[in-house]
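Each structure below appears as structure tokens.
Shared between the two complexes below is subunit A, which has subunit B as its partner in the first and subunit C in the second.
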Partner chain A sequence: MRSPFAYTPRPGPLQVASPGAAVTYLGALVAVAFLYSNPLVLAAVGVAATLAGCTAGAGSAVRIALRMGLTLALLIVVVNVLVVDRGETVLLRLGQAPLLGRVDITAEAMAEGAILGLRAGVAMIAFAVYSACVDPDRVLRGLRPVAGRSALTAALISRLVPVAVADATRLRDAGKLRGPAAAPLGRAALLRRLMAGSLDRAVDVAATLELRGYALEPPRRHSLVAAFSPLWGGQPFTKRSRYDRRFYCVGVVVLIAAIAGLALGADSFHAYPTIEVGLGPATVAFSALIVLSGFAPRRRDA
Partner chain B sequence: MPELSTPPRAAPALAIERLSYFYPSAARIRHSPHQEGVNVGCALRDVSLTLAPGEFALLAGRSACGKTTLLRAACGLVPHFHGGEIEGSVHVAGIDAIASGPGELAAAVGYVAQDPETQIVSTTVAAEIELPLEMRGDPPASRARAVEEVALALAIPHLLGRTVDTLSGGELQRVALAAALVTRPKLVLLDEPTSQLDPVAGDELIWLLRRLNEEWGVTILLAEHRLERCLAAADRVIAMDSGSVSFDGSPRDFLAWAQQADIALETPAARLFSLVGIEPLPVGVRDARSILRDKGVAQGRRDGGPPAETCEPVGSAPPPSAERGFRTGDPRPSAPAEVRNLWVELYQGDEPHDVLKGIDLKIDRSERVALMGRNGAGKSTLLRTLAGLIEPVRGKQEVSGGIALLTQNPSDYLVRERVGDELPGDEGLAALRIVGLEYKVDSDPRDLSGGERQRLALAIALAGRMDGDEMPGLVALDEPTRGMDRARRQDLVELIEGLAGRGAGVVVATHDVEFASAFAERVALMGDGVVIADGSAAEILSGGWYFATEVARILDLPGVITPEQGAISLDREHPG
Partner chain C sequence: MRRGRGPAVAIALLLAAALAAAGCGFGPGSGVGEVSLTVTRDYGSEQMQRVASDEASESDTVMRVLDREAEISTRYSGGFVQTIDGLEADERFGHSFDWFFYVNGVESPVGAADFALHGGEAIWWDYRNWSAAQGVPAVVGSWPQPLLAGYEGKSHPVALECRGAGAACGAVRRRLDAAGIAPAAGPTDDAIRVLVGPWARLRDDPAAAQLEQGPQVSGVFADFTPRAGDYQLQGLDESGAPARNFGPSAGLVAATRRFDAPPVWLVSGATTSGALAAAGLLDTIRLRDHYAVATEGGQETPLPLR
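Here is the complex of A and B:
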């Protein structure tokens, strides 16, 4: 069964958009999650990322990321309340604990943990949408002129991971098929064999990349300047889609609004010494804008 | 007045002059002061050959004779990628392949290796085909056109939007071929491209290559073991032996040469004709039928030959089962494996699909059964279900006496550095004795030949499942002849006969009809998760087109599938 996070080609706007546009859009949402601590804004980013994923057809990836994000968020809350004893609203006194010292469960530490967890969860959802909707080949090829060796390494790894997973499955199956009197497979032997096999596979994949011309110098048109040549009438080197402008615009608007929101105090949140959450008009307006940005991957006729 | 000049002669698609090559390990030994006088393994030895533009050449020879190394040298991987020492010259369409790297040669030569899984490097089919053009710096418009044209030529436009992990082996092989062809190279090199394909997909690929050769003028150099499949499509055959070219000539001359020099390279059709004493030897089914017609020998049902009733099955094959899937009134003692109404569901992509759809099958002790059918028909799934790797969703299966299953990659069973460590104790030694490897206890599995590794893997599967010398109820082999030459296939036939002779039911999933005709007494033909035909090998392998032996396709006589049977039949019908 394929991983729900694996890229699936679909005719949706986010899938056909150039990697730069998709990364600008999803990256803007993640940037907001890291710039802001206000729970309303973070929740809005989470809703926007979820909407983006669902409208782009990556519902299963979003569902699994939500589950994983929620688990991670709970873990962060638990750890935070155990290790942080700041805050004035003590909910529970657990007394002395080995290594931790005095443990007081405070509402403020819980709130701060929830914010950290929410931020991590939101980032996970955005990454899940990216993983399921953005073609990794196009991203790697876009990187090639900028960082050729890194792109080659990433291309090798991205191909070797599924091959290694298939090899491991086959080796485990062969292990189950060994006769009862044969030496048992054992984890160490399996790993050693897998490593040796991966090296052989890596050589084969590298040979194919060599044959496809990966070792050639990137053409001069691949330069960053050339990437913007369509702006002055040049021929674009990479394929663009009619949705690129939309994603670039939404990403830039979200980032500008985020900076403006910071200036206008939309990020008012303090966990200590007592919890203060600002829900002023700037915060509400900015959150609404963020939620609306989640509809960017929607087709016009949908 | 300017003189009329003759047009410049096109450079040969491939020109190799006195090429010798040593892989790095052999080169190190060669230069070691302690190895003077030692015969060092030379992968290629003084090879010279020229391929003219538009030729279709077949590279024949036993396993490890140097075919793959020659192809690697022609695309620049040798020596640029594999290292080692090289002497002589290689030119591809006028480009010096030794001075240039594989990347520079990519526009002139395309290479398709044996395993399609490791020659795909992108996530989607369209990106994979487009990659060489993108690396070369072609603009999007010209890339899009080239991808579209090559996809149309190979009949895969419907695959362009798919991810590569959702493709079958045959589809992957076509995508790899498309990626090799998209730069419109002058020369295409293929290393056993049909080894993982069923007969239908294999035949389609060969005729696709022929069409590309005729319509696009692409020069083809194809290394292949199943010569009967591609000899008719080739203009020329180059045979190799121990790194040297041992024959270079027309397919018909090759067959005459193989009769004298290496009988393992003879095709079934040529064997049939040589047994009967008919000349010339045929290069394919069509040629054989034409020669027989010219000689006044009528063939089978299509040509109004002897009616089916008069042609008794020849050979040792028992009569077909009375009932599809189940044998009734069989004198054999017990059935070690029986499945009834077996349903298996597997995930293909995101969705679960029924892969086995109510299979009924019974295999008796000492019975040799070939499980055949196209890629994806459910053969491997059936064997894996019998071995307990897959849980069926419905139906009953009974395997008494245990099952030993050898999967498609014997190397997966070999994880230690000493044969004796894989199979310790008396039971391990007993298993080694069954496969004839008891004298290899102290060897490193990596030092064994391909056939020996396969036997060792089988011994690992058998160990502890035998009661003294008594075999487990069922021994199952999944595609055991991939990449095997005919001589090694014959060794495998003898091993299977030995296992069945000791009382095991043997079931082999295979695409290789000639191999099935050599070992099987019964064939179960699967299609889309069901058994669509089940009967004696003679009945099944002479009753169709794709799943029929070359002799059966030539003679079209019921029950006649091997050259020996064909010769008897022809002698009987046309004495003298």
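Here is the complex of A and C:
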């Protein structure tokens, strides 16, 4: 079964846009999630990432990421309230616990855990949208001029991991076909065979790469300068899309607004010693802007 | 056959009883006693707030009591105090200023958020320049609390050690009696020691000898310098530099601590008469909110000098 996080080609703006534009847009949302601790802003980033995913047709990836993010957030809250007993508002006293010492469940530790969890969840949604909407091959092609060997390694991994999974499935099926009287196939034996097979494949791949001249110096045009040549009117290395400008603009606007918001105090949040959440005009305005940025992948004719 | 609910209810009740016995429960818990809170700045020279008594609960920490009584902000996820009533820890004129706290006159080995209270503690927050002394392990400003109630949640016996003190020893004993402190009959390892005598007789003690290594080691802004075969009490300023030479009849009351050993109180002077003068300082009004106090001619001088 195909993973909901796997890239699916669609004619949507986010899928059609060049990887740089998509990464700028989604990366700006993730950057805001890590720059800000205000729950309203974090929630706005979550809404924007969800909107972006849904309008780009990656609803199932967003749904699963939401579920996983919620589980992770809950786990973070539970761990935080158990290991951190700071804060003024004691809700529950659990006495002395081995390793943890005195355990006081405080509202402040809960709030801090919720913020950490929300941040993790929001980042997961953004990465889910990225994974489902951005062609990994185009990303690797875009990376090739900047870091050729890293791009090659990543490309090989992205191809060989599914091959290894398919190998494992075939080996397991073959084991089952030996009949009910045969000794059960242990995981260690399966893993050993899989490892041996993957080493064989690696040798084959290395020989193929050698024959195709991958050991040689890369062509001149594969340089850092060539990678950024579209910025000053050069021939783009990857095909540009008519949506690129939109995503670049939205990403840059979000980042500039984030920096301006920090300067204006839009990130007003303190968990300790008591919970203080700033909901001033700067915070509300910035959050609204972030939510609106979630509509960037929307088609004009939609 | 229908299974009864009895065992389940019994187990639940037992669990609840065990949790309650282990100190578990909802909310901050019941009161454990009164604590006092003092907030000062610049080595106690200016008082910002004093709360004579605040009922502490089972879950109270130094930080929670402070947060109840003052406007504060924290850093490092609530672990350290950044501002109290708007006065912020920072660097000014090349000197570092920060908030420090003492519970029963002893510097805490843990942060305020992790210091649990048991009732009866004297909490003292002071905003000071710590360029000369990063740590001041013990202070005298909470007299008689450390000797009366111990420190870090444990009571300790008090050992009075008189070394050539003459009348000063009796004076100190009377002051201790008046404060309700009964010195232990013999020396014990975990006792808070009160050393009484002229400096020439006290300086052999390893804890007392820290004074001669400066405030960065002893936390005491005073020194006894050799002079004409005897010693002279010298008061230091906040930067640890000599600021005043006292006469031969001057006395000093200070507290220090060596490693993790219990604090050592020094009631001393350059001479026996100096030690006697120092003994007269042992009362709440003269020592309150001071790190150490020198006296000469009936005039008290808080240390460090400003």
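One rule holds for everything that comes next: the second predicted complex is superposed on the first by the 269 of 302 C-alpha atoms of A that agree within 3 Å, B and C clash if a C-alpha of one lies under 4 Å from a C-alpha of the other, contacts with A are read in each partner's own complex, and residues count from 1 in each chain.
Operating definition for what follows: a contact is a pair of C-beta atoms (placed from the backbone, for glycine too) under 8 Å apart; a residue touches a chain by one contact, two chains touch by 3 or more.
This one's a predicted model, so the numbers in the text were calculated from it and none came from an experiment.
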If we overlay the two complexes on their shared chain A, which of subunit B and subunit C does A:93 touch? Say first, second, both or neither.
second
Considering only touches as defined above, state whether A:102 meets subunit B (first), subunit C (second), both or neither.
second
Quick check on the superposed pair: does A:272 touch subunit B, subunit C, both, or neither? Answer first, second, both or neither.
second
Just checking: does A:47 make contact with subunit B only, subunit C only, both, or neither of them? Give me first, second, both or neither.
neither
So, A:205: does it touch subunit B (first), subunit C (second), both, or neither?
first
Superposed model, subunit A: greater residue contact from subunit B or subunit C
B
From the superposed pair, tell me which subunit A residues show up as contacts to subunit B and also as contacts to subunit C.
none
Can you check the complex and tell me which residues of subunit C touch subunit A?
19, 22-29, 57-59, 63-64, 67-68, 72-74, 77-79, 113, 116
Can you name the residues of subunit A that touch subunit B in the complex?
1-2, 6-9, 60, 135-138, 141, 155, 158-159, 162-163, 166, 170-171, 173-174, 176-183, 185-186, 189-190, 192-193, 201, 204-216, 218-222, 235-239
Could you list, by residue number, the parts of subunit B that touch subunit A in their complex?
75, 77, 80-81, 101-104, 106, 111, 113, 115, 117-124, 127, 131-132, 134-137, 139-140, 144, 161-163, 165-166, 179, 347, 349-350, 384, 387-389, 404-407, 409, 412-416, 421-425, 427-428, 431, 460-465
So in the complex, which bits of subunit A are touching subunit C?
84-88, 90-96, 102, 104, 108, 112, 270-274
